[in-house]
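We call the chains A, B, C and D, going by the order they appear; numbering starts again at 1 in every chain.
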Amino acid sequence: MIKGSLVQFSAFQDDLSAVAQSPFPEWLVSLAPQLENWLKTQQHGELKAWLKSVEQLPLITPTEISLGDTVTVTNNQIQPGQQARIEGLLKQLMPWRKGPFDLHGVHIDTEWRSDFKWQRVAPHIGDLSGQHVADIGCGSGYHLWRMLEQGAEHVWGIDPGQLFMAQFLAVKHFMPKELQQRAHFFPLGIDDLGPLQCFDTVFSMGVLYHRRSPIDFLSQLKQLLRPGGQLVLETIVIEGGEQDVLVPGQTYGKMRNVWFIPSSKALMHWLRRVGFKQVECVDEGVTELAEQRATAWMEGQSLADFLDPNDNSRTIEGYPAPRRAVIIAK
Amino acid sequence: MIKGSLVQFSAFQDDLSAVAQSPFPEWLVSLAPQLENWLKTQQHGELKAWLKSVEQLPLITPTEISLGDTVTVTNNQIQPGQQARIEGLLKQLMPWRKGPFDLHGVHIDTEWRSDFKWQRVAPHIGDLSGQHVADIGCGSGYHLWRMLEQGAEHVWGIDPGQLFMAQFLAVKHFMPKELQQRAHFFPLGIDDLGPLQCFDTVFSMGVLYHRRSPIDFLSQLKQLLRPGGQLVLETIVIEGGEQDVLVPGQTYGKMRNVWFIPSSKALMHWLRRVGFKQVECVDEGVTELAEQRATAWMEGQSLADFLDPNDNSRTIEGYPAPRRAVIIAK
Amino acid sequence: MIKGSLVQFSAFQDDLSAVAQSPFPEWLVSLAPQLENWLKTQQHGELKAWLKSVEQLPLITPTEISLGDTVTVTNNQIQPGQQARIEGLLKQLMPWRKGPFDLHGVHIDTEWRSDFKWQRVAPHIGDLSGQHVADIGCGSGYHLWRMLEQGAEHVWGIDPGQLFMAQFLAVKHFMPKELQQRAHFFPLGIDDLGPLQCFDTVFSMGVLYHRRSPIDFLSQLKQLLRPGGQLVLETIVIEGGEQDVLVPGQTYGKMRNVWFIPSSKALMHWLRRVGFKQVECVDEGVTELAEQRATAWMEGQSLADFLDPNDNSRTIEGYPAPRRAVIIAK
Amino acid sequence: MIKGSLVQFSAFQDDLSAVAQSPFPEWLVSLAPQLENWLKTQQHGELKAWLKSVEQLPLITPTEISLGDTVTVTNNQIQPGQQARIEGLLKQLMPWRKGPFDLHGVHIDTEWRSDFKWQRVAPHIGDLSGQHVADIGCGSGYHLWRMLEQGAEHVWGIDPGQLFMAQFLAVKHFMPKELQQRAHFFPLGIDDLGPLQCFDTVFSMGVLYHRRSPIDFLSQLKQLLRPGGQLVLETIVIEGGEQDVLVPGQTYGKMRNVWFIPSSKALMHWLRRVGFKQVECVDEGVTELAEQRATAWMEGQSLADFLDPNDNSRTIEGYPAPRRAVIIAK
């Protein structure tokens, strides 16, 4: 955990020890230098303030834990003053996008009802018992806890977002030691991970359309898997056939940096092209306004602002409104 | 030129001196180590044999040079025995794909009538006088000589193909010293070239569809140009609108390793997306059988074999037959 | 421990985990890549055979352990057949230079009576309780076990010698798990260790005279120590004052690669020059023939062969015979 | 030459071209990245001002050149106003240590009468005609011009000192183009030069005693030489035999960072030890006060201040006063 008022290398001590003891200790060869480099060159001025908030969270032994739809930590002796303090500190880490969480009675109503997404995904991913599971682009790490609920042995969250790391560490702070030792977050991007070929299951949810090279991204995901492992891929798609691919202009639903939005048929074809043998689209549908919206914990713009006010089937730029597909590939 | 029976670093001496004296001597920083690395790790066993053929070519002072449709070197005193010797050595470098050339009466009838392509391109590229021009994926270098014809000061051919290098060196061997000093070939790929921002004009003909990441490729090309420079891009396209993109299966026209074939409209949109301001498609059409065909200097399969024998508008796999577009972007 | 018939990265799993959990997890940044590099480029053809011998050693739970003058592991139920097997396997790892050891009744009578040296050193090194101790050039690791006897928490042996690694692993094999977890060996040289500034005590015995740059070596040793740590330096010296330094010719006592042999006064001056504040020579004397001699476990030449047969105060080359000093520097 | 108000990569354009055209173009592989790195990380704030002075020097065609004891450039039409201007600018580059120079009537009376040293060295170095000669630690480059006088084809000055570079460029500025093209200066240290094995003659004058590892330094010098090349080594020595080596305390003659001062006998032994076959001491003697003294162009302390005022045979610290030897090794 965090020691000192800035992240130091020793903050990753337990995570690195878990890598050393895993079936893939070779990961240390690239990981340790990357973390050191990150520590030396991290630029985000606010990280220091965020981590200070995390450090100030009170230490409370949980009496009950739920890794269900709302990831919940409870102590039945909690004092109202402590709750107010916790809420104040967690609000320093706004905006909260992926959740919901309930930490000692503080309910974090996140922009995304990520439990909706998990309900679409979970029935299709099989039993995670004993698995090492990676979540590429894990955000605050909400889904990591759900993976532990499904029996995963260790979950490895990968996301360059520094606010996300602070949020993850805040939630982890309240978890019992046994769970802390199994949940990891590294502030890296997928380009930092080589062909590790070590994870039993790899999740990538909501990342593909931000990549300039979707083929390289799919190959990278494939090379993170051990032979026989499975990929769980969730992304925005358009309707259409194998040759339909939207490359939007400068923005899509006000998002910058969106490159390729294929149809699910095109995407499945790409997955087979990079070497997956079994590719199945297990869910596809339009994102509802109830799933992604502004809340007291994310006060900025959300889906309703990104759509054409006169026609919810179009983005504000006139492109098809976000449709999302879940694909399992092995 | 080549010294010794294997390429040595000193073989690139004149080219490196030309870089040092150019407006972009910084290129040496990456180029010199890359060439040394290439020399140490070059794997192609046949390169040695090819270069030996080049070294054995007779030294003949040309009396006439034409850099026109057939790139031609002539000496009016040539002996028939010498011609036979030249022809025998050049045949060692088969298959010859890009031409045609006529070297002291030896006519190299290449698979491609590259002069047809040049006739479509040349009217649109403006005056090259005084320019540094790069050709990414230059093959045997046929077009490099045509660029010199158009007044280019120095032409820089980039292609990892080692047979292509040998063919280029064979042609260069017969050229007068004044032209030799202005024509360069480095056995590298575009990924070896950083954001040099130095060339006045960059050509990329017939490469895009082999790239896994077309967006990155277009960005790389943009970053090779000096501010205000122009890109000349020629590639296979399909018919259709801005969202039509063909990603073939394992082969396209029997070619492996084909990834993205956009429509010219999609491609122009991509070029604008990576930052080109002025993008114009100056030519588009189906490749005719007369332009790409088997010859005595390329005895393998050619276009006729790649098309559906019953329907020349389809490849043998059933995809649309190759259509090619020329786009100028600034 | 060793898994598989060749050393694999996972062989260092427990050691790397110990580094991760130590006060100096940053060491992983350089260490993990170095071990991987060592695994990829290790050249010593015999290592495979040596490690095979180690793997074939029987698994015997010790009933008694002594880390005294003879490092001893005993099981009072040992079978004579097992003893013969152990002896045969350990003889595969000859020559044994540093010891002695007694492993289940197999007495390894090493070339050096390293216990003599330890008796000269031990009274001066203070209490090692709770310390992280490094031994640079540790050989078979005999002294590592003695350091554990003195209370060290973890001992870190550093030596590029691959036979030494096999010997260390053979001894470690017989040790109880609790000691195994505290004794480490990395097949590296001091140049691989940066300015770690982490060890409480650093030993360097019998290395300095092999270094081309003694000043750099002393600086490196200093930079391995945490602030306030102590260096225990043992090396060959000549008699004389602060400006007396022998640089022998091609050999010294038949040893190649001997560079600087200063007087102990010169050496102490050098130590102060590189920044040590407190420098004390606690022992100095001529190496006796009883301390270094050929045995059944080291059948080659030893000290008696390196001296002038007519004058034991001279090496065979006519240089002063080896005199050794122990210096403590802080 | 220098272009723009700061050194840019193009400043080294002609030097890099000379390397490309030399018998050792491979040097570009390390040299080009080193120069770029130097440009990016050069820290010396005053360099900008120094180079500005160099740029402001008037352009005057020389009518007479002498590369003799005083390196002299003359134009018989020089205006007194120009002289004053030159003198003012050159004084910006004080202190001047190695000389003397006379540039259009401005006499630079340097701290060192380097011509005295050259008179001791020159008779022993043989004919330099057609040679590539390196001077490691060349200072202002005075001796480079003397090497050209002796017929060297190209002289390569190596010194990390940025004021020295500015002084060199100032002198070079006044030289005729033909000489400019043959005199080079790179702001590097010997550790930046690998085993180039390319120079016909290598000079190292006044550097050895500043090296922490004299053996490594001598090996590096050896590896700069082509097979059969000669080393000219000049350094401070003490009197004594093969085992006499002075390692002073924090200062020697008020100089910090002095490590090993061997006797000339010890030094010759070291040279043989690193592989030189023929080693000869061609000159040895005490440095006279007339050779190194304060002047109007170097107003700081000089030799007289470094010696014991009561005993000129001792430094102020009580060590033997500087004695210098010239050794030729092949």
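Just so it is clear, a residue touches a chain if its C-beta (ideal position, glycine included) is under 8 Å from a C-beta of that chain, and two chains touch if they have at least 3 such contacts.
By chain, UniProt protein names: A, B, C, D = tRNA U34 carboxymethyltransferase.
Everything numeric here is computed off the predicted structure, so don't read it as measured data.
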Path length in the contact graph (chain B to chain C, fewest steps): 2
From chain B, the most remote chain by mean C-alpha position: C
Proportion of interface numbers common to chain A and chain B (over half same, under half different): same
Computed distance of Cα centres, chain C from chain A, in Å: 48
Euclidean distance of C-alpha centroids - chain A vs chain B, Å: 45
CA centroid of chain A to CA centroid of chain D, Å: 60
Set of all touching chain pairs, with the criterion as stated earlier: A-B, A-C, B-D, C-D
Contact set on chain D toward chain C in their complex: 212-213, 215-216, 219, 238, 240, 242-247, 249-250, 259, 266, 269-270, 273
Chain B partner contacts - residues on chain D that touch it in the complex: 9-10, 12-14, 16-17, 20-21, 25-26, 28-29, 31-33, 35-36
